[in-house]
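In the two complexes below, chain A is the common chain; its partner is chain B in one and chain C in the other.
The block that comes next holds the complex of A and B.
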């Protein structure tokens, strides 16, 4: 049986997928995951999930983000030329980063 | 874990669903997140009619996207609250429909015209974002994670709201005048967004001690005023005479708190404000109207799905 492994580096971080392990049951899966994925990189917590329980849709199934121009959804569409609150600026730069990554993908 | 240990350990994103947390913490976190979730939903319902009333196709698209985002934020937050094990999402939604669920003061007031939209989409969202940014450091990890996504998206709402205000204040004389009138009506409610000053706040101490709340009402209100009073003036809005607002020696904006109607605030907070009941009952009717959808999805004869979610893109 295959178990997908999600590792969290520090308390409060997101658990992100880092690989999978063979194991007959949940207890063994946790042990194997700790050995394979929790030793070299900083690890605070690990989740194991049976592979069969993971649902997936990909770009063949659905056009993520839609098929039309949705520029109006992004902070970058509004050029106000005014000083913004710190938290609005943060959102702005996070969105610019996401836009860049989408462009690269 | 006992409450003393919680207070000792309290820090950003410190506690996650795997931790054995005392009921006092879980109840306080539930109250706070449920209030936040309810506010997202009630705000979305308040703004929804303006998708139809938007003055251009660009505004309509953006406004529709924003309302959709707010509903999504509500969903994220109900999940973060539900994980505390005190109330289920169904219980929270039913409490909201039946007038027991509490939510933000501003969303109890009806909105009548497009000139009012920036009062919510710029000022209230700007205030909300100030508060939400600090909650990325809350001690309940699922709440902080929800705030990551909310803050990512919310910048668009605030900038779009500012863009609406800019357009209105560069419009006809009549538009400018009606926008000013809307501002005068909403301004005191917007200031009350952050609640009464700290010495009158009931829940602050505990929430701060266990790391749920990261800043006091006073600090948040101060940061909001310092940023948004100059913005209002920049667009030509006149700050109403009451509540008295002035700049102190350090250049920071202060409000005469006694000029605000706190009786109304607490009536609103208890869901006893008559126009607000219209908002609550309106959403309750919407919940009832789509009950058959939930029944179909959750009932025995549930459809198997299989269609790609085109309509949701």
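The block that comes next holds the complex of A and C.
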């Protein structure tokens, strides 16, 4: 039986998926996960979840959002030669950050 | 108490205690690593390797106290004669080939003893011993839990139960040697000096009083089930195997294992051990 493992680094952080373990039941899954996913990295808590219990929906099932090009909303058309207002600079760095996250930068 | 560097009895007692502790951990870890890449699943492989690694680390903590006494690293491991090792014969036994119940039963029998003996060192008069116990105890809880989790699952079907029973029959007498003296006089000194606050006899009784009821609760026959008399449990001479290890007498398996882990050192003509890290704090 496969158990998906989620690791939380610090108290208050999200538990992030980090891999899985094979184990016959929850108790053993927790024990294996502690070694496999909690021994080398700072860890505050680990969740183990039976793989079958994870609900999944993918691109075949539903057209997800986040694909429309909304570059027209950005201030890229301005020529930022002179010193800009604080709001404009902030907006600019936010856009760069967003691009980075989308893997486009 | 601080150790008097000129008192030979104290030095001998401390050295004997550290060898008892360190040798058990070192040799057990050597055996456990034989399961690496051979365990029933990747997960169980990693768990046992992790335990082996812990035990090696604990051996290092105990051997390090021998360095305080003036020992050199090579003479503690690679250049020590095979009959000067004081581990219990439980830890040197070869595994029954391909039988996963063997390391699990062995680990259970050993880790209960280790838990009890660490408790007897918590208040040790030697400050470094007392300091190191806490670190070791944190890791030991996992070992015992691991062994018990496996045992409870292995006995759940007939074949597993039969294998566990065979492993118990085979290993139990050797486990009793964990409570044998390196030398009876030195063992008295260990307790009199307060290095450890229980006698071996007391520790043996306590171990039996934990292990026997637990194994019986799994519906297993324990070789010494009948030993509980009016005075409770006790390890007696009749229960012991021929070689007890603590006194330097070992089973044949030990010479093979010893040869194996010292082979490369001698083959390369080394006279020093490789240092990959500094001394523990």
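As a working rule, the second predicted complex is superposed on the first by the 65 of 105 C-alpha atoms of A that agree within 3 Å, B and C clash if a C-alpha of one lies under 4 Å from a C-alpha of the other, contacts with A are read in each partner's own complex, and residues count from 1 in each chain.
Definition applied: a contact is a pair of C-beta atoms (placed from the backbone, for glycine too) under 8 Å apart; a residue touches a chain by one contact, two chains touch by 3 or more.
Keep in mind the model is a prediction, meaning the values are calculated, not measured.
Contacts of A:21 after superposition: chain C is touched, whereas chain B is not reached. Set against each other, chain B and chain C touch different numbers of residues in chain A, with B touching more.
In the superposition on chain A, A:35 makes contact with chain C only, while chain B stays out of contact range. Of the two partner chains placed by superposition, only chain B is touched by A:65; chain C is not.
Once chain A of one complex is fitted onto chain A of the other, the partner contacts of A:82 are limited to chain B, with no touch recorded for chain C. By the touch criterion defined above, A:52 reaches neither chain B nor chain C. Chain C meets chain A in the complex at residues 41-44, 46-47, 50, 142, 145-146, 149, 153.
On the side of chain B, the complex with chain A involves touching residues 12-14, 16, 18, 58, 61-62, 65, 126, 129-130, 132-133, 141, 144-145, 151-156, 158-160, 162-163, 166, 227-228, 231, 234, 308-310, 313. Looking at the complex, you find that chain A touches chain B at residues 11-14, 45, 57, 61-67, 70, 72-75, 77-78, 80, 82, 84-92, 94-95, 98. Only residues 21-25, 27-28, 31-32, 34-36, 39 of chain A touch chain C when the two sit together in their complex.
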